[in-house]
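One chain, subunit A, appears in both complexes that follow, with subunit B as partner in the first and subunit C in the second.
Up next is the complex of A and B:
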């Protein structure tokens, strides 16, 4: 009985914590991403990439790094922990159908590692990954 | 009296008759205004592009306080505006002047509302498609970054992703409230 109660309390606290995370991730999305990528992640064709469906990059080699190394992500004005949080939020929010089944959320350490090596030739890297996704 | 001709008399009679039969609140005049007004609203040139960007399900705060004049550069929502205030150009603080199109792409920052001392997320959407408004230039740069941090710079023409890049003026939309306060 006591154990059940303890578990319930733990679950409750965990839920509170993850909700707070989602809230701060959404806040950072509005403040740092939404201005260009829009409220629904739709972007502007030919000018600003859409975030809808970006989860498909995770299914190919190098895609997980790519999503962090692109200029908008690697150069954003948030710290590693916040970046991991908002990146995971974007993937769950705008790309739930494209996420690999074994998707593991980003964490601060991983994001910090990738963003130290920002992409210069973004278009080329993107085309290469897209061709891998299609095959 | 007798000197007046029949046209004058006729007009006098019809005018008095008309004045007796109608009032300023007459049903007919109200109905006419309503019909004409309702019919002309959809004819006004108006773009809904910004509506999507602005629709966050967040109700615009009606707490305004001292800094509540949208035509003043000190208006709290303009803490980081750089441009002509739409409210002086035929629009309002949250809507673009007729004939312009609200940019969907914007820059987002936060401003503190002195009335409730809370920070709100503000989106500065540019009104595009007509030449510079030229009225009420306002340049507040709270938390503004240089143009090499494009997503956080108000020196950029945010009409860049609209169908026409001509800049007219700027609005300040409230997107949400900042957490933790």
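Up next is the complex of A and C:
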């Protein structure tokens, strides 16, 4: 009985916490990303890529780094923890169907590591990943 | 018809002709300017003015939906270039961007090069275009908001291609066939072209400035092989572009602790200029208790002059002469910001250099002594970006 109660409290607190996370992530998305990628993550054809379905990059080698090293992401004026949050948020929000089953959310340490090395040639890197995804 | 009426008509027609002739004489004269400019010819917006003689010389018919960039000049001084945007239905419809070529003698457009309709529409601020030091390839900064450069060969007058520059914005010449760009994370990107204007290499170097704590303004100035960009907090970041890789030199501050305690800050849109021969750096400043969201939003009320060798302030000048209120009212225009000082400064580079300020009118003074030559130029626009006509020398 006591244990169940404790568990319930824990779950409750955890939910509060993750909701707060989602809220601040959404807030940071609005502030730092939405201006270009739009409310629904749809982007603008030919100019700004859609974030819908970006989870597909995670299924190939180098994809996980790519999503952070894209300059719009790495150069964004949020700290590593916030950036990890926003990335996880866009993946869950815009790409639930493409997420690999064993997807592990990004954390601050990992994001911090990748973002130190922003991509200079995005198109090239992206083309390579896309061809890997196709095969 | 009787003779009297006939002769009256004759006289009337004669006088009308005389009047017309006079009208043409005094108002319709069109001059062809010499290709080699005088040292004190300055563009105020698109109007060319001899600031020493207070003489309006002409106006370049720049369109571009009010979003013209500044002028760049060919090495032989015969042509000048600017980027414009046009829509097929005036303010909407299909967009066409051009690099427009003007003849510097007539200030008339003579040719155009069509570029992708992507250039950053941001008014005439620094960094919109850059002619690399070899004087052949003009780069246009694009923002869609993906960022890239359009490269134009101004000798062959053709568009060469586009180079993507993700995360990095604005463009400045930085070598023979090289440009530098400022990146959102505080780094710089150098873009090098091959002999034909294609992309040879791109290198990104981190840590030039602090984009979050103390960002820099776009109004950088060139000092030989160095670019100097100044932060909102008044810190000068020298960037050496002479070598194969860009070098960050030690930064230094325009403001002492005492200046900061008195709330002095950099201000103005075109807030920096260098007199190359004497290594004097002129900086527009003002007092403001609150930090400015963007220094360009407020006029500078003083001009502080520094010796770039000793990095010491050597002079303090008022930004604009004291003016009667109605005088300011008559000339304050779009270029003016808070309306209590100067939004832009420029010095000419020849002998007897002059310091020009714009903001509620245009004033001209001796660049070294600060003595006024004209407190207020007459019959010239009271606002606009200042561009030195003999830039290419």
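The working rule: the second predicted complex is superposed on the first by the 135 of 135 C-alpha atoms of A that agree within 3 Å, B and C clash if a C-alpha of one lies under 4 Å from a C-alpha of the other, contacts with A are read in each partner's own complex, and residues count from 1 in each chain.
Just so we're on the same page, contacts are C-beta pairs under 8 Å (C-beta built on N, C-alpha and C of every residue); 3 or more make two chains touch, one makes a residue touch a chain.
Predicted model only: the values in this text are computed from it and were never measured.
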item	value
Which superposed partner A:122 touches (first subunit B, second subunit C, both, neither)	second
Contacts of A:70 with subunit B and subunit C, given as first, second, both or neither	second
Partner chain(s) touched by A:47 [first = subunit B, second = subunit C, both, neither]	both
Which of subunit B and subunit C A:112 touches, first, second, both or neither	neither
Touched partner set for A:27, first subunit B, second subunit C, both or neither	first
Partner chain in contact with A:36 - subunit B first, subunit C second, else both or neither	both
Where subunit A meets both subunit C and subunit B, residue numbers	35-36, 47-48, 72, 75-77
Subunit C residues touching subunit A - in the complex, by the definition given at the top	144-146, 164, 166-168, 183-185, 187, 189, 202-204, 206, 211-212
Touching residues on subunit A, where the partner in the complex is subunit B	23-24, 27, 30-36, 38-40, 44, 47-48, 72, 75-77
Parts of subunit A lying in touch with subunit C, wherever the complex brings them together	35-36, 47-48, 70-72, 74-77, 116, 118-123
Contact set on subunit B toward subunit A in their complex	52-53, 55-56, 104-110, 121, 123, 145, 149, 151-152, 160-161, 175-176, 178-179
